[in-house]
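Structure provided below as structure tokens; questions to follow.
Chain IDs A, B and C follow the sequence of writing; residue 1 opens each chain.
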Amino acid sequence: MSTKAEFLARIREQVRRAPARFAAETARRPQHPAAEAESIRRELAERWPETLDAFRREFEGVAGVFHRVASIDMVPDAVTSIARERDARGLVTWHAAALGADLVPALGARGLDVHQMPAAEPTDGSERERLRSIAARVDLGLTGVDLAVAETGTLVLVSGAGRPRSTSLLPPCHIAVFDRTALLESLRQVGVFLEAWHADPASARGGAINFITGPSRTADIELTLTRGVHGPKEVHAIFVDQPFRG
Amino acid sequence: MSTGDLGTPFRQRAGGAMQDAFLQEALTIATTKFIGLRREAFAGFPDGESLRDQARAIKEATLQQLDRHLETLIANVERLGGRVHYAATPAEARAIIVDIARASGARMAVKSKSMATEEIHLNEALEAAGITPIETDLGEYIIQLAHERPSHIIAPAIHKTKGQVAELFTRELKRPAEPDPEALTRIARVELREKFLQADIGITGANFAVADTGTIVLVTNEGNGRMVTSLPRVHVAVMGVEKVVPSMSDLMVFLAILAKSATGQKLSVYTSLVQGPRRGGELEGPEEFHLVLLDGGRIAQIDGPLREALSCLRCGACLNVCPVYRQIGGHAYGYTYPGPIGILLTAMMEGTEAVRDLAHASSLCGACLEACPVRIDIPRMLIELRREVDDRKIAPWPERVVFALLARLLQRPRLYRLAARAGRLVQRPFVASGRIGRVPLFFGEWTRTRDLPAVAARTFQERWATDRELRG
Amino acid sequence: MTGRRASLMVTCLGDLFFPHVGVAIVRVLRRLGVAVDVPADQTCCGLPLFNSGYHAEAAAVARRTAALFRDSEHVVVPSGSCAWMVKHEYPGLLAGAGLAREAEDLAARTHEFSQFLVRVLGVTEFSSTVPGRVTYHDSCHLLRGLHESESPRTLLGKLRGAELVPLTGADECCGFGGSFAVRLPEVSSQILAKKVANVEATGAACLVACDAGCLMQMGGGLTRNRSKVRAVHLAELLGGER
């Protein structure tokens, strides 16, 4: 079996011998990523309506369903109507702290069978198992959004405490709630935020950042486009005009 | 008919593929569709060309300091609680993964689509160790059930009809299946959902690895990559050493062009950035994370003639535009990686002898270079491989004699003129209205389907020498 | 144009199989006031050797070919692939013999025929020798090697008496590829068959290309299929003899 030392030594030797093929540079990195991220946010605070329009266009272009409501109080009605249309009752949701609002009572009052994911890691394995099997059973998964990217219609979700990976993955219908503070224009800007998050040792992120660009799809049988092969068959994005995220 | 059998010469394997009427139709439809989607995606993306240049530069810049970037990657993966393994050969990679699986008591492994695990023939090794590997990409799942290999880098089962898939599901899954893609996909969803929840270990490749953060990046459309990295207790990622990129800023450049080149999407549905095992507070994610760094012939090319091929993103764009791939499909190439880039990767992994014939499976039309998101000069490297085949006398001797004679002829104008006259004599019985129909021997390969122009009654230079009016 | 001088690099295929193309080029250029010469003892640019990997041999051929055109003001080549060879491969091949600078110099003076007319002489208006519908196939080396798709189309588009119609898959290889055509004849022939079908579908009387290799392949396919479409070199339409 190769050891790390000999494996890397062979690479080092090759790199030392190989002439550069042409003068080449890696991508420019933000020198102060947090500050640059902040200045992107500030600029976008001015022109978020255009960014939202572009996001909507791209999101719908990848078969996402876009909704818009005035305030966070109106989200439970929007979720309930999505549930009714597909005869669904069971819903798993990110924890209120992760979502930025506690919608559990309102959703429950509207007849949904709501399972809120815990804010902290379950201590025993069987609880973990139980929660996962709920996520695998119910029809709806409700999450927040860390970034919404206009260039591609992409939702970026960061995993962590109270924000399980499975909520946006196992249920056949994913509903994501966001406001203008999540909007970005371009993938390049996403790069700045990724750099900023990783540069911050205090950030309590989980081990996965997922870019979601529409519902799960495949074209593996005769190139026929089919949705929902493994992940959700539907992705809904509910935009809330009145910012609700802290 | 098995067209992938290496016991048969390449020319016959290619011929076999061209006899397969369904394959022919499927290839034309699929490659034409992919070409159109890619064109449209870049037509609507003014930054595309400069991002391609930038991506190419990032790959080269990374190679110039590959040791340093890998050390950073390794340190970060370990800092996050992952373990890094080093495989010089496919056999070592297989042994490492089997050991990890055994140590965790795994009975079943779910895999998301990965060319690297195809390359190391992992499934056979897992099976031999009593671990059931389950391919979860729908296309890969289909070909695994059929005991075949992928025929396209991003659409592994394009050679199968929905009818064939329905028969396969009915037989292998004991579920009556209609030949309807939607219904077949539903069946696969149910079957595989169960496996995702049961499996002990998830195995993936890596489209990229970000050194600066210790992040493995997986790009999928189906969501199986997310399942495989979220649900099982153990996650093993296998990647060639060349897949490392320095930073998140670099990664975004590649993401902006990868899906456009592969399927014409602006982004694939899921891009998953996974970092080590699950963190405190997380409900899901693996308890163990292993990264297997694979050499498999790559390291020797850092300073080798195939260096540029280390920039390949595995997008499949060069396959779709290649006139040869479009006629023969992926299996006829006979190795894991098909198409023009596949010839280079096969030479890298299996040695030059393996591509003695494949190096010539190109008209050098340059469509691959034009389509490649990182502008890999595939034709130039194919010519390099041909040169190596000749220099090391791997080429068959009659060919070497023919080319040696040709080289002499082209350096001696008197000999050249003599050959033209000889040609006129020899061709005489075969010429009709200035064309040659069917002739035997060497030129027979040409004239079976095409006429050959006759050597002119007077060559241009003969006319120029004697024709006053022409000389003016 | 008066005072310009150009040397014709007739190429092996042009010399042996398509002498009328060379004749047409000489006449077109001379009508434009260009003094044309043809250095004696030409054979081949060496591309067939180069592409098959016989680089030492290709370098030897390149060296003597380059010497023939040392004093030419311009070198005009009827085939995009041979022009590409001289322009892109000679400098590298001849560097070993210390002739890199001369090769670079030759590369700069060498032009594919349509490029010479449009980009050097700036001439685009001709009348056609064969009236009717014509279509154009992009030769791979001209299109992707020399990045030229416009000059031939400009000439054909303005050609008096001719109507240029688009060819489906015009930018796709015809399947020639030099020795590829006989090493993998079945694959080459199938690529050709698709090209021929696309050509037939245009309803054109002439299929135009700027490369003798493609013309040999496509012309051979068309006559074998008893097609009414004739494969011709661009120069033949711009005034020349048949």
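Following the convention adopted for this analysis, contacts are C-beta pairs under 8 Å (C-beta built on N, C-alpha and C of every residue); 3 or more make two chains touch, one makes a residue touch a chain.
None of these values were measured; they are calculated from a predicted model.
> Based on CA centres, what chain would you say lies at the far end from chain C?
Of all chains, A has its centre farthest from that of chain C.
> So which one's got more C-beta contacts, A-B or B-C?
A-B
> Taking the mean of the C-alpha atoms as each chain's centre, how many Å separate chain A from chain C?
One centre to the other, that is 55 Å.
> What whole-number Å value describes the gap between the mean CA coordinates of chain B and chain C?
32
> Can you check the complex and tell me which residues of chain C touch chain B?
Contacts found on chain C: 10, 12, 14-19, 22-23, 26, 30, 36, 38, 40-44, 46, 48-55, 57-58, 60-61, 64, 140-141, 143-145, 171-173, 175-193, 216-217, 219-221, 223-224.
> How about chain A: which of its residues touch chain B in the complex?
Those residues of chain A that touch chain B are 1-4, 7-8, 10-12, 14-15, 17-18, 20-22, 24-30, 58, 62, 117-118, 120-122, 128, 131-133, 136, 151-154, 159-162, 164-166, 169, 187-188, 190-192, 194-195, 198, 204-224, 226, 228-232.
> Mind listing the chain B positions that touch chain A in their complex?
For this pair, the touching residues of chain B are 26, 29-30, 33, 54, 56-58, 60-67, 70-71, 74, 80, 84, 86-88, 92, 95-96, 136-139, 142, 155-158, 160-162, 165, 181-182, 184-185, 188-189, 192-193, 196-197, 212-213, 221-224, 226-227, 229-231, 241, 245-253, 255-256, 263, 265-285, 293, 295, 299-300, 302-303, 307-308.
> Which residues of chain B touch chain C in their complex?
Answer in residue numbers: 11, 14-15, 18, 323-324, 327-328, 359-367, 369-370, 383-391, 395, 403-404, 406-407, 409-411, 413, 416, 420, 423, 435, 442-443, 445-446, 448-456, 458-461, 463-465, 470, 472.
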